[in-house]
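The first chain written gets the first letter, and so on, giving A, B, C and D; residue counts start at 1 in each chain.
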Amino acid sequence: MAIIKGFKGGVHPPYMKITADKPIKGVDVPEVLYVPLSQHAGAPAKPLVKRGDKVLAGQKIGEIAGFISANVHAPTSGKVKNILDHPHPVAGRSTPAVIIEADGEDNWIELKEREDYLNTEPKEIVEIVKEAGIVGMGGAAFPTHVKLSPPPDKPIEFVIINGAECEPFLTADDRLMREFADEIAEGSYLILRAVGAQKGFVGIESNKPEAIEAMRKAFSQFPQFEIVVLPTKYPQGSEKHLIKAITGREVPSGGLPMDVGVVVQNVGTARAIYQAVRYGKPLVERVTTLTGDAVAGPGNYLVRIGTTFRYLIEKTGGFKSDPAKVINGGPMMGIAQYTLDVPVIKGTSGIIAFTEKRVFLAEEGPCIRCGKCIEVCPMFLMPTTMAKLIKAGRFDDARKIGLFDCIECGSCSFVCPANIPLVQYFKYGKAELRLRK
Amino acid sequence: MPKKQEERKLLIITPSPHIKSRADTRKVMWTTALSLLPPVVAGVYFFGFHALLLIIVCVVSAVASEWLFLKARNKDTSAAFDGSAVITGILLALVLPPKLPLWMGAVGAAFGIIFGKQVFGGLGYNIFNPALIGRAFLMAAFPVALTTWVKPFYWRFPPDAITTATPLALAKFSHQMTPYLKLFWGNVGGSIGETSAFAILIGGGFLIARKIIDWTLTASYVGTVFVLGGILWLINPQKYPDPLFHVLAGGLLLGAFYMITDLVTSPLTRKGRIAYGILAGILVIIIRLWGGYPEGVMFSILIANAFRPWIDRIFVPRRFGTGRRPGGKR
Amino acid sequence: MKVEVKMVVVLTAIALISGGVLGVVYTKTKPKIQRNLELAKENALKKVVANVHSYETKDLDRYTTVFIAKDEAGHVVGYGVLIQGSGFQGAIKLMAGFDTTGTKLTGLEIIENVETPGLGNRITEDWFKKQFQGRIPPINVVKGRKPENEHEIQAITGATISSRSVVRIVNLAQTKLASVIGAAPSPEPKEQEPVDTSSVSKTPAHEEAEPLAQRTGKNRVRRPEKVQAEQPDTICLKYMSKFVQKILKCKRIPMPDSLDVFVAYGPNGREMVGSMVEGTGFMDRIKLLVVMEKPDFRVVGIDILQMAEGEAFGKGQDSAFWSQFIGHPLPVQLKGESETGDIDAISGATETSRTVIALVNMAKVRAEKALTTLKS
Amino acid sequence: MKKAFVNGLVKENPVLVALLGLCSVLAVSNTAINSLFMAGSVTFVLVFSSFIISIIRKLIPDQVRIPSFIVVIATFVTIADLFLKAYFPEISKNLGPFVPLIVVNCIILARQEAFASKNPVHYAVADALGMSIGYAWVIIVLGIVRELLGFGTVFGHRVLGSWFHPFVVMLLPPGAFITLGVMVGIMRWLQAKTAKS
């Protein structure tokens, strides 16, 4: 175990991991849950229930509808109140959601436990993962079973377990690693089996010494895995940069990790896989970090999918001062919410509530061509040039210089002294180009 | 209770990221202005009250002309106080002869701001360094006044013996060398802010420490002059001044720390900046040794400014995941 | 009418009419234009030489015309040299007036120049031109101080290069003039001679070819006393007559790089060799003519044909510097650089001094080489 | 006819709007007197060329119109040049090659091609006069400004006292560019303003 070099570019935002020492706490199941049918990248799930149906916890209520899609399960037992559009924390608009009125009994469907789960056949693991509706839990929510079934012409050499958690404020993964290192280790081993890789790495940033210690202990039973301590730098948790830092390989522009023989999975996902394979438990809850200077009870909470932000905050002590901005995800890439009625979904790694003091509002100034954005861009793009092209409506020229390589990590906007919302321009440019297609 | 409060107020929606580094254009500008203090103090120490007045006049003229121009174009006049005009004013004064009539300084600053910056669209859009545009204009308009230098502490000399030549001119036209120590402290004839290498190193070092300027650009510019000057010196030490003299004499250091590193007019990428510094460095040597003027810093930077868009086009970073075959260690 | 025909007819007609009109205008204006051109030169000549009544012109080359100015009685009252040379921005054309000896300037007019307006352009200002009156070429430019002797003029502040250019052209004018009234068989009757002798008598006359001052200025003998029956080489005479008073025979040995070597034979079997050398100085090229006497190649004199070094030259030290060479057999060495150094460097201009010494030494090498080619 | 005349003064000013004939405008406008003579020469050539071309416009076959125009223009240019050489040798020297270069001045040929060759004589002359005056006032203003700032004089008369320190740059090509640029800028600014109101 050695600290390695990492990647070029990136920034050092203030980490503010104030909840790192708060153990994961469970939260009561709310009376009403809003379960969006689209909690993942790709096509929304097809609803399997209708208004008035009774459901049990863990019952499949949404079915895969396409190659890239994922199942959705009922987080608790109760009655389907309706299937209606409801505010979504990522989509930025309302999307169809199954609204479940909890009966308070939390009855589960029959779960099939496995004895010799570590020896499950690879194909079966993938099948279980698919059935359990597991998606990437770092934030992007890419359906995991797709990642676990690479095409035969792309053999997987390495599995990388992502424990970097580079976003400031967020500590959910940190806590998971400290408290459930054994489950993560076994889940990781299952991933390794599923993709047929020989070697695995666990990448953890150097600012989480306790997690590193716990993981090292847990993984000692899996010699295929090596713990790699990464330098603390944003966005170390980006798949591409993790791969670059650990293997030295660069995922080609427009390509996927499997193109360089690597599969990356978040520690939360590894744990979900463990739970699905061992206990047959579908993904209906997750650990999320509630933090920010506006909340009274910051901490890491195990919540059911579909719990609204409002409920979670009220249950944990409410606001200690007026919130001015509420974010789903981390402060660098998270999305600001216009209502607290949005539910926690599979990809909600954190909820941050800032008071006005911490909200940053500044007018966009003229670019002074300082080149800071180019210096920090981990994808080695020219953010200022792309933004200028997009401003001028030259979308195709922006694409030519790498607009679609942008991972929207926000490093450029973070450093820009002229407060140019560079990432926003890129999102706009990408959307514009997608529309034109 | 908390809920009610929340209801009263709408949540703020902004795109990510939701946190921001403390870098800010105004802060960058004012820090740069602050870093000019050592050369200003040295200039005033050596060249007296008139030099101070000249600096003040240039700053006032720069800010005022920017304000007036913005006003005339119905633009936000607060941009005149973002510190960039102040820097232009100070920098211009620092490259002017100490005894220059004040009104000439005012004319130069106004010209630099209006024709060097505002006509291009203001901060961020100018191609050339406004302070150097101002100086080039003054040089063309009042060549005699712009090449009349006074001795440091000139008030101690009889009135008819205060003028002198710059160390570079002495070397070029009279084969006279100036001791390094004098050059280092700045006790020689020259522009207000260019004589004291010591003061420039303090201010410039501060800028580098604060990461406002890219030290590689400064290094490639000075380094090129040093290396190229050194090669020529080794070829013919009698004919060409030694490289240390090249670095210490004239405005090279002032240019290297404050002019060529001007964010707006220098290339975006580090590689581009290094190439840009080398280009400007070569120009300095060419102008100094074979040109009509003894000093070449101003023109070297202005010419390099013109090449900047082209350099920006050539030196783009290699995009992540392109150009290299996948694979690597382990 | 067919279009092709019409085209030809119309165009021809227009051209013919146009040609006719222009012909008329041209013949009407031609004398006037000619007169203007003449007047410009004449006025300039009158400004630089006093009491001009008539003049003769003599074209020396593309850039140089000598005006021989005469009074009503037909006596030569002076010379004007209309000459063009390069300035800072482009050509400078000027008229330099000289007295009857061709040594002293009587005036200067700038005819044409494209120097920077307000700067180099100030060479046309009266105070600058007036400075040249009474000066004796070769002239040097001084900066930042008052001229001290008749070989100095003050530069225009901020336009040193233009000032230098004018001075260089004037110096060249004098050299060219000297070649006309010095070497060419005089078109004037013997009675004109007193002018010449008076100037010679000012300086200690030498009966033999004694080492003379290196400069082309004061102590020069205008013309060889006797022109031998066998027509001597005029180019050779032009250069060598400055240093050798009695030349019986003068021969030019052309060299491949057009830096000539001259051999002059005096009375008593004396043999002088003049060798042109050229090298790169600190500021510009240096071109010298080194005249040596055989057999030991003792320096008789050095003529500076071209030199634009720093100001350390021309401050008086230089004549001391140059006279050090006289009488030394070549090669010479710089003092301090070897035990037997002969020449003191000009303080502050060691580099130039060294270059000059190298050039002078090279002169001997070239001379020897030329003499061997002559023999073979 | 009035419209043909007025057009060239401001609205379609050959220098400030069409940016034609800049070579001579920039080169000889360093003093007011030079500007005046240049303007005179251009006016002479333009008016007479337009006059002649308009008269013979129906005779000239299309294929040879440009050579014909050039011959006519060159004739008047040469006349102007010889005239200046004979009667104003000093000015002629100052203007240098820029009088002969009127032959290739875009304003002249453009007016023949665009206007004189298509319109009756009185219109053609009115247009030529308008354009000439448009050219003239710009170059003369330019000359006055440059001479004033560069020498402190106007038409050779000292206007600014000895306190004035001349701007050498105004006599150089950059001074001409700057002044012309400012004039074009003011022109555009005024146009934008009038368009708004």
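Here is the rule we go by: a residue touches a chain if its C-beta (ideal position, glycine included) is under 8 Å from a C-beta of that chain, and two chains touch if they have at least 3 such contacts.
Just so it is clear, the model here is predicted, and its values are computed rather than measured.
S.K.: Of all chains present, which has the mean Cα position farthest from that of chain A?
M.R.: That would be chain C.
S.K.: Top contact pair of chains, counted by C-beta pairs?
M.R.: Ranked by C-beta contact count, first place goes to A-B.
S.K.: Quick one: report the Å distance separating chain A from chain D, using the average Cα coordinate of each chain.
M.R.: Centres of chain A and chain D (C-alpha means) sit 72 Å apart.
S.K.: Using the average of all C-alpha atoms in each chain as its centre, how far is it in Å between chain A and chain B?
M.R.: Using C-alpha averages as centres, the distance is 47 Å.
S.K.: Mind checking the centre-to-centre distance between chain B and chain D? Centres are C-alpha means, answer in whole Å.
M.R.: 41
S.K.: Return the distance between the CA-based centres of chain C and chain D, expressed in whole Å.
M.R.: 45
S.K.: Mind pulling the chain B residues that touch 2 or more other chains?
M.R.: 143
S.K.: Note the residues in chain D that touch 2 or more other chains, in rising order.
M.R.: 168, 172 - these are the residues of chain D that touch more than one other chain.
S.K.: Identify every two-chain combination in which the chains touch.
M.R.: All chain pairs meeting the touch criterion are A-B, B-C, B-D, C-D.
S.K.: Show which residues of chain C lie in contact with chain B when the two form their complex.
M.R.: Touching chain B from chain C are residues 88, 116, 119, 144, 157-158, 161, 282-283, 310-312, 348-352, 354.
S.K.: Can you list the residues on chain C that touch chain D in the complex?
M.R.: For chain C paired with chain D, touching residues are 3, 6-7, 10-11, 14-15, 18, 21-22, 25-26, 29, 32-33, 36-37, 40, 112, 116-119.
S.K.: For the complex, which residues does chain B have touching chain D?
M.R.: 101, 104, 115, 119, 137, 140-143, 145
S.K.: In the complex, go through chain A and note every residue touching chain B.
M.R.: Counting only chain A, the residues touching chain B are 11, 13-14, 168, 240, 244, 246-255, 259-260, 310, 314, 318-320, 322-327, 331-340, 352, 354, 358-362, 365-372, 374-375, 377-382, 384-385, 401-402, 405, 408, 410, 413-419, 421, 423-424, 427.
S.K.: Help me check something: in the complex, which residues belonging to chain D touch chain B?
M.R.: Going by the criterion above, the answer is residues 165, 167-170, 172, 174-175, 178, 185.
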